[in-house]
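After this come two complexes, each holding chain A, first together with chain B and then together with chain C.
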Partner chain A sequence: MTASATDILPTDQSIGDVSSQLTGIPLHFPARRQWWIAMAVAIALLALFIVSVVELFTRGVGIWGLNVPVTWAFAIHNYVWWLGIGHAGTLISALLLLTGSEWRNSLNRFAETMTLFAVVCAGIYPVIHLGRPWYLYWMFPYPATMDVWPQFRSPLEWDIWAVLTYLSVSVLFWYTGLIPDLANARDRARRRGWQVFFGILALGWRGSTIHWHRWSRTYRIMAAIAVPLVVSVHSEISLLFAASQLPGWHSTLFPPYFVLGAAFSGFAVVSVIAVALRAMFDLKNLVTRKHLDVLGKVLLATGLMTGYGYVFEVVDALYSGNPHDLQTLLNRTTGAYAWLYWGAVFFNFVPLQLLWWRQVRRTGWALLLISVSVIIGMWLERYMILVTTLYRDFLVSSWSHYTPTFWDWSTYVGTIGLFLVPFLLAIRFIPVISIFETEKTLLDEQETRDG
Partner chain B sequence: MSTIRLRATIFGIATLACLCLGAMIDPHTTLAAYLIGWITLAAIPIGGLLILATTYLVRRAWTDDLHPVLIATTAALPLCGALFVPVLLGQSLLYPVAAGADVPAFKAAYLAPWAFALRTIAYFAIWSVLAALLARAWGNSARMNRAASITLIVASLTISLAGIDWLESLNADFHSSIYGLLFLSFTLMSSLPFVVGFGLLSARRIRSTRGYGGLFLGTLLLWGYLHAMQYIVIWAGNIPDEVTWYLDRTRGGWQYVTALLALGQFVAPFLLLLSAYVRRDRRWLFSICAATLILRDVEAALLAFPEIHDLNVVLLPFATIAALLFIASAFVLVVARKFSDADGYLNAPAARA
Partner chain C sequence: MADMPYGFVAEFASEDAIVHAARLVRQAGYRNIDAFTPFPLPRLARVMRLRDSRPAWLGLAGGIFGFLLAFGMQAFVSYAYPLNVGGRPLYPLSAYAVVIFELTILFAVLFLFVGLLALNRLPRLNYPIFNAPRFHLASKDRFFLCIKAEDRQFDRENTARLLRDLGAISIALVRS
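Up next, the complex of A and B:
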């Protein structure tokens, strides 16, 4: 009953055409106007981010809407949101490589690229929210000459180790995958500048059998390291909350719930980028409707798994009978921030159900809109988890509310510029889709067709 | 096969007699042992439902390879439900809420004996219908997708709730939101080695074992991850109602059982399965599957026994073995024909050979 192998790429295109089409993107950039418009918006957002950070460093975290008891809000919220988005790139690339899923080959390059810059956006938040960022180095793993030791039992300390490790492995994994394509671009470049640029980055790759053998082993080993790393890093992020004793945060389900939520939001961003690049560079022959179909299925599956977390958070609160847990549940569903809870439920799960229909999954704009809904929903979810636990403290005398200020919003919106500027530079200067892996998929399909 | 059925009948009658004798000596201990034996073996068809549905959605060689075994395994679900009747009848001997423990209002109503029994009946009715739905869908791609999607959604939720009912509620004060997922992974860890081990018995069906080794490694990591996360969150929170669950499992001799499970069920197979040779070798993989199935009973015991007090330690191991053999005999007896079909299928020349 095994389904026959269905072609994901049209087999009536030649390997040479694919190679020319993809190396042609950085060498003879086809969408200059759209790219410059996008870049102008991205630079404006980045400028807003810089202004916000200068203001923050000048006046301190008091410019944000933090108060007692809501001492932790937008900074950690957006940190988790960005890091979650970043995880999908590694998952798509590494997990699907290990499971031999060929459809990843048209998506993994930009998904990995997205990961790198999303992790940078996430990583910037712990730095700027310190209040005294010049003491950042206290958290680094260096010999403590001042006898002021970090609290090694705190997830806040684990955090910096986790993110730095994740960033390092993601960069290495991304770069390792890129080497054969950089050599391809080097060989096709006609101008001396491009030849030198790609020549240096290609590290002397000649495509010999021994090169391929070593590269293949390295790539797979790195993938095998990257997958558990994604799970452990986002589980550690969940411990920032779950390791506390606060109702609504102290939940044993949080680690898998956060990992799945991260994959969910990340796949939504990958879908948005896939649809956008497909239209921008006319890549319909390489990012096909079948790719969109598979992305839609994965989004639906991860969404339903995230929904499991919602259900069992409620089940456990009811089952425990703990008055604090029950009160937090009531605050979430009917309190001042109920709109966050129900907003997260709506945006995450209601439009998502359209993905049960094949036609919807294969329609670019529909997938794009549903993915945007998921991105909003996951943003609301993290906001909800943070604020609804904190704003009603154990002592009624400490109850308060939280409202983000202009600077909260400007910093957050600015990080979108921080993401877009390097991402747009990357799609301008490196092959946006893995050339050799796409060619391999195409070649395999053509050989199957020709018997 | 008739010889096997005859043996199963003899074993079944003999072990039932032993259990009846045990019940006359100490019903409390005998029922606790029966619960463990039942959980250990019932987890195989319950987890099989999830694996069968996944093989329908992810169509690879395993869809064909494991299908007959999985169909035969999941056909045992109604029998599993019937075999739980002794526990339902003796709830007050094992479950604190049924025995009248003072618990919050919702928990008291939710775990009331009649609600507990009704839910258990509903679980098995739902799972049996899903198993039938999956069996009928075979051969029709669209129906397979539909049946598998429905099964995965409904079964994931109901299996998690069942784990809370049958195991978590043995401790009236403990609660852990990951517990349902832990039980779900428990069923996968029982079912996967069973169906892979059964498939390996036929050289024709599972020809390349490498993928199954990787699959088993992935399941093992999931199981270990979920346990580790529960432990870390509870350790960090250090809340009395939660940490006592671990304290009960790290003293009074249970620390050795915990160590055995951690080393035997996680560390050793994990290190072995890192080797490509072990993943490829049929005998290694079969040995790991067999060892895992034996250790399932140890995990079931570790999850349940520390919560059940005043057990007769002399009677307990004998009653547990008798319960395991009785339930296994009943399985063989009732679903022998299904396994016979599976066996015939396994030994027939493979369609792709």
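Up next, the complex of A and C:
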């Protein structure tokens, strides 16, 4: 039985097979060797992160390359980058649920899991770069003995509310979708330890019709409000920049430009994870070539929208005729950091064009390499936006340079470990693909096939 | 009554079979019934006349609560500690909008999540239906229909016969 043109999953498998295969990943883990190798690397990176943070807390932010005028550098740069990556998980899960795109059912679980830990990596940056992170609680309105309250009219204060809200909502949305699958894993588990583990996490879910009815409503409403949340969070972050008066930042283009770039980089990471998990757990029957095809198309579309942002940034500066804006444009394209600008343009948009070909989109390693290129490109873009504006502002007397130090790099590379360790634990211990939604997709396809 | 069972549970192999069975069981006059499926089946909920729109209202209530909380919090802070930054207004909606938006969503989702668990009476780790011998398949690929012993028409022989006639793969009397 071959799949017809509209089917995204091969219809020659039963829903029972899918259920056994997916619960089998945590219960009878198939890729122990690869997993431990990946975990060893991840733990090494996490150790580097811990060392870097200890050094930072001991000696202060002076160990980074920050200076005046480049007062924001790697900390904000990587914060924006990580948070942007996280947004794709919510968009895949929530937006595509509402539009009824069934291909999302093979991707939403690990995309959401990615979101959680990417947001953690993002959220840690503003905390550690406070200089005195133990005063973090000053961001919250509490009755202090000094009668001081936070300043709610500043984007810096909005930030913590946006990120904490995003993290909480992502966790709740992820867990709500996970409960039925935890119950499935509980029922498949044979060993006592697993039964207790999944039994407690599943909260006693039994799949009663009225429970499902309430669950569906709740889940859809959560999805409907998670979509504007994504847009609001990254718009808010762009306001950290746009609400200042610096040339190159002070633009109404920034919110959409940031949100689209976020989706672009996030879909690239989702593609990387999809290709990797597909190979690691032999999931070619569930994450099919058609999924890769759709991911490639989405990546291309979001990439072109981000490209539109690049064009309009130039138009914006030229149209304004403002000498400072024009100077910043010139600094970006020909200044000391021109390699950042052209690097971002190259890595973001040149390999991307290969995705116009169907054969490329359907080839795992090709999609993987293009996605990695996009991830690098977006990293360079966030770096470029920050540094090229700051290193030369209005006063020539305060022009300077920025070079990241060893500790800048070690903290950044360390956050990759901070992402990978919990992510690897998650794919080890919970169903990595949404089982009941995949079963439903499969049954619907089989029904259509059988008439 | 200590020896009263929880009910009869019948196993079906397909969506269509359980929807059909649920319809006929209702037509036979049974009202105290429940069904257990591996994924949501809106069709089945319609046949069983199950509706609950409270989740939507809970979300709305949470949203309104978060909205008011965020606005009140920010206005109070500006009132208690008026910071004059270049003469900018103390109570600007535009500057409050982001935190208002975030907390509206945060509390809507919190209300929805807690409400979902509360309405479903979860977490409850044990439940009589788990005593059914093949019930572990309800989360995999089988569909179960339960007629509870509390139902007025419940009768050990007649109810079992009805379920058997509907084509159930297996039938079990579940102890409570």
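General remarks:
Keep this in mind: the second predicted complex is superposed on the first by the 441 of 451 C-alpha atoms of A that agree within 3 Å, B and C clash if a C-alpha of one lies under 4 Å from a C-alpha of the other, contacts with A are read in each partner's own complex, and residues count from 1 in each chain.
Here is the rule we go by: a residue touches a chain if its C-beta (ideal position, glycine included) is under 8 Å from a C-beta of that chain, and two chains touch if they have at least 3 such contacts.
Predicted model only: the values in this text are computed from it and were never measured.
Superposition of the two structures on chain A leaves chain B and chain C fitting side by side, clash-free. Residue contacts after overlaying the shared chain place A:P228 against chain B and chain C alike.
Using the contact criterion defined above for the overlaid structures, shared-chain residue A:Q151 touches chain C, although it does not reach chain B. Applying the stated contact rule after C-alpha superposition, one finds that A:D12 touches neither chain B nor chain C. Legend: residue contacts after superposition of the two complexes on their common chain; A:T218 is shown touching chain C, with no touch to chain B. Counting the residues of chain A that each partner touches, chain B and chain C differ, and the larger count belongs to C. In the superposed model, A:D450 lies in contact with neither chain B nor chain C.
Touch criterion met: A:Y319 reaches chain B, while chain C stays clear of it. In the superposition on chain A, contact of A:W205 is made with chain C only, not with chain B. Of all C-alpha pairs spanning chain B and chain C in the superposed arrangement, the closest lie 7 Å apart.
Once the two complexes are overlaid on chain A, the chain A residues touched by chain B in the first and by chain C in the second are 153, 155, 228, 239. Only residues 14-16, 19-20, 141, 147-153, 155, 157-158, 161-162, 165, 168-169, 172-173, 175-176, 180, 183-184, 186-188, 199-200, 203-218, 221-222, 225-226, 228-229, 232-233, 236, 239, 436-437, 439-440, 443 of chain A touch chain C when the two sit together in their complex. Partner chain A is touched in their complex by these residues of chain B: 59-61, 63-64, 67, 103-107, 110, 138-139, 141, 144, 153, 156-157, 160-161, 164, 175-181, 214, 221, 225-226, 229-230, 232-234, 236-239. By the touch criterion given at the top, residues 1-3, 98, 153, 155, 228, 231, 235, 239, 242-245, 250-256, 304, 308, 311-313, 315-316, 318-322 of chain A touch chain B in their complex. For chain C in complex with chain A, the residues that touch the partner chain are 15, 34-42, 44-45, 48, 50-56, 59, 63, 73-74, 76-78, 80-81, 83, 85, 88, 92, 95-96, 98-99, 101-103, 105-106, 108-110, 112-113, 115-117, 119-120, 122-127, 129-130, 136-141.
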